[in-house]
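Structure provided below as structure tokens; questions to follow.
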Amino acid sequence: MVKATDILDQEPILEVKDLQTSFFTDKFEVKAVDGVNFAVPKGKTLGIVGESGSGKSITSLSILRLIQNPGKIIGGEILFKGENILKKSEAEMRKIRGNEISMIFQEPMTSLNPVYTVGQQISESFMIHQNMSKKEAMKRSAEMLELVGIPSPKQRVKQYPHELSGGMRQRVMIAIALACDPELLIADEPTTALDVTIQAQILELMKDLQDRLGMSIIMITHDLGVVAETCDYVAVMYMGKVVEYAKVRDVFKNPKHPYTVGLLNSLPRHDIDLGDVELQVIEGSVPSPDNLPKGCRFAPRCPFATELCHEKLPDLEQSDNGNQIRCWIYTDEWDGDQEVDVSAKRTT
Amino acid sequence: MREEINTGAAQIKAAPNPTLVKLSTFWRKLTSSKSAVVGGILIIAIILIALIGPYFVPYSPSATDTANRLNGPSLAHWLGTDNYGRDIFSRIIDGMSITLYVGFSAVLIGMTVGVFLGIISGYYGGKIDTIIMRFMDILLAFPGILLALAIVAVLGSSLNNVIIAVAVFSVPVFARIVRGSTLSVKKLEYIDAVKALGASDARIIFKHILPNVASPIIVQATLSIATSILSASGLSFLGLGAQPPMPEWGAMLADGRNYMYDAPHVATIPGIAIVIVVLAFNLFGDGLRDALDPKMKN
Amino acid sequence: MFQFIVRRLIQTIPVLIGVTILTFSMVRLIPGDPAQIMAGESASQEQIELTRERLGLNDPLPVQYFDYVSGVVTGDLGNSIRNGRPVADEIKVRIGTTVSLAFYSTLLSVFLGIIFGVFAAVRRGKLSDTLVMIAALFGLSMPNFWLGLILIQYFAIGRDVLFFNTGWFLASGWGTWQQMVLPVITLGTAGAAIIARMTRSSMLEVIDQDYIRTARAKGVKERIVVYRHALKNALIPVVTVVGLQFGALLGGAVITENVFAINGLGRLMVGAINSRDFPIVQSGVLVFAFLFVFVNIMVDVIYRLLNKRIDLN
């Protein structure tokens, strides 16, 4: 078994080891996150990519321990600055949330409380974590709005969420998240619900703020384009497991896992000329999480799958170029074509 | 605000997809709801008692026995006797059918009128809609049983007038629900298709709209039976409904209040009987709502 | 907001006109001669003619209606048949009692309803949730006259429990707190049950919203998440129910006043119906309806204050 920190050039601020989060219904257990490993380098951005249902959002909520019933974190470790936060009390956890680790969500339209002003909602962070007075917190809130690029912040703090556009609201969410100068910001699909032009602005803002404030970011997305623009490292998730974990540049240059290759093939590229190549789609769809494949989770959709893939689940292993990959093709046990070229798919 | 008001008892909205829930899934959902099962069993038991109970009661409900006035529960009189020495158990059993008669007939009348007005209003819209709905607003401006009280004042005190009064009081509730559901059904494309095929308005209403608005009506009807029984027994308690010696529970309770100190059972027992019946319909209505309208499930 | 209130007042004018038309027609719908009815059964022929004259019953209906409405507006509601006193005076001395009974009962039902509703929602699916919801179901299935009599029996007449008697409160009248406790509980219980059910389902809906997750992610204590972030949102639909409940409560006051011998509007009306004192019945119904309409306007105002999303225009 490999260590997630192996591929980092920096110290990790957060290391997730064998995280397992399940949802329990009357009849069965759904393993939404099933033994996930990755590390987030200090001051850098890790992307977590996957289709919906891959467990990427559950992973992010697990880090803040915000999983609600009937969900439960049932195993693993989450080391934040070397301490396992799964062992912390709820009170200790509250001191971390919004203070040391913050989060912004996919739906800016519904993520702000409709009955409180923007100012009240930002102030709350200051008042909880820094014991500020109401007046002081409100002043700092206006400064935060200015920081996230909202014009006339002194007026805006008095407004209610419904008076702001989606992009504005996401800026407010970022202001709330960054109020207490966290060391780690988790962004769960922060731009998915926004218009394309606004998406670019928000991503630009996040990068700019990272440069100025130096926090680490986990960028959760289904969009490899976002990863290419904003991330330094990336973990590709499929059905509750990390299937490929590497530096972004290595993944784009030399993707190893057939699923990663599939994702890349479905992405229109402007950076390199691929000639007259059609965009590919990954055949099939994500299996229902209560009916997991026995072997590799991706086997039913994988064009290279052999009997071995259907029977046995591969481990995450270090490949020759440093990527960590969960695929039989790169192991000695591989029972298929030894000369198989996964990335060759792209030019066919 | 009026437009947004739901009825207090049942929060029913028009289902976005008004296709009737399949009968088998409906049955499965209904039987998996504890409140529906308990309520349903109670209702069946209550109806059976109302139908056959009077043939098996130990005493005639009107037989007086002055030697045994205001006796507490005993082997001879399971629930004791009232101030005329009448057997309370027999009277309760005999009164069961009165209670059900009041509840069912008031709701039947209120529902029929309300559904009719609601469909007309929703289907035709325009001026008719405005007139009907403004009239419903006016009826709703009379708080609680006040409207029923006013109607009884005009018609005179009797059980049947109470039924009419309580029915009128429930008309706007049905009209509003049905109007809302009709509007949402009318928007569906297949209604346009049926129209294009030359179906008459009556046919569209009976074949296509009515079945689709049935579930909120059924739920509201069940819950309305509960409130109607409560309102009607209240009016009888005030002396405006069933007249003595009829074994109507509200009237029995009113009789018993004069003997609260010496013989509290005379007033207590009819009250318990009302609670059981109303509870049964409320339970069943809650279960029905969960089974028919998944959106309203808590 | 001022503009909104004015607009809302203007909107109620058609409803108020409709209400007056109904109460106006009421007397004319009763089988028999309206003059006879309004003058009372024992009135002499002369009195009947006088009434006919006063009510202008020989005029065309629209004129009669106009006279009626101008009477209502100027506070002239005719005279009681029973004691000949002006109806307006009879109502004036009693309206305060009924309004305060309804007000305190509303207060109680809102207070209990919200507390138990939140309590049950927070403990969703647990035994305590089930018990509270069963109690609520009983609460709304109980006839309030029965509850009143039971309360009188145990807490006014009282029972000897160990070394003391539980007859702490009074069974009749209105004024002192000993007199007010039992009627308020009697009238407030059903409302409390309905509000508790509504609060619970509203809370359960709100607690799954994204902004609650945002609050938790900020490090807000769960207690504050529930009471500050969730409850304020959950109360918005509850306010509407409280308004409706106030109507049911005004109706219930009629019965409660009779159970506890409280000299309010409701008792006045029931007495009037029994003695066929129609001027009183007619105006009583009118006053109740007006009260309810204005309470609904107040509820609307509160609703707007709570719900920031609604555009004031």
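We just call them A, B and C in the order they show up, numbering each chain from 1.
Everything that follows uses one rule, which is that a residue touches a chain if its C-beta (ideal position, glycine included) is under 8 Å from a C-beta of that chain, and two chains touch if they have at least 3 such contacts.
This is a predicted model, so every value here is computed, not measured.
Under the contact definition stated at the top, no chain borders both chain A and chain C. The interface carrying the most C-beta pairs in contact is the one between chains B-C.
Centroids of chain A and chain B (each the mean of its C-alpha atoms) stand 55 Å apart.
The geometric centre of chain B is 21 Å away from that of chain C, both derived from CA atoms. For chain B, the set of residues touching two or more other chains is empty. Looking at chain C, no residue sits in touch with two or more other chains. Multi-chain contact residues of chain A (touching two or more other chains) are absent.
Interface residues of chain A facing chain C in the complex, by the touch rule stated above, are 61, 64, 66, 90, 94-99, 102-103, 105, 107, 110-116, 124-125, 128-129, 160, 162, 173, 176-177.
Against chain B, in their complex, chain C makes its touches with residues 14-16, 18-19, 21-23, 26, 29-30, 137-138, 140-147, 149-150, 152-153, 157, 194, 198, 200-201, 204, 240-241, 243-252, 254-255, 258-259, 269-270, 273-274, 278, 281, 285, 288-289, 291-293, 296, 299-300, 303.
Residue ranges on chain B touching chain C, taken from their complex, read 1-2, 4-9, 11, 134-135, 137-138, 141-146, 149-150, 152-154, 157, 226, 230, 233-234, 237-240, 250, 253-254, 256-257, 260-261, 264, 267-268, 270-271, 274-275, 278-279, 282-283, 286, 298. Looking at the complex, you find that chain C touches chain A at residues 209-211, 213-222, 229, 232-233, 236, 306-309.
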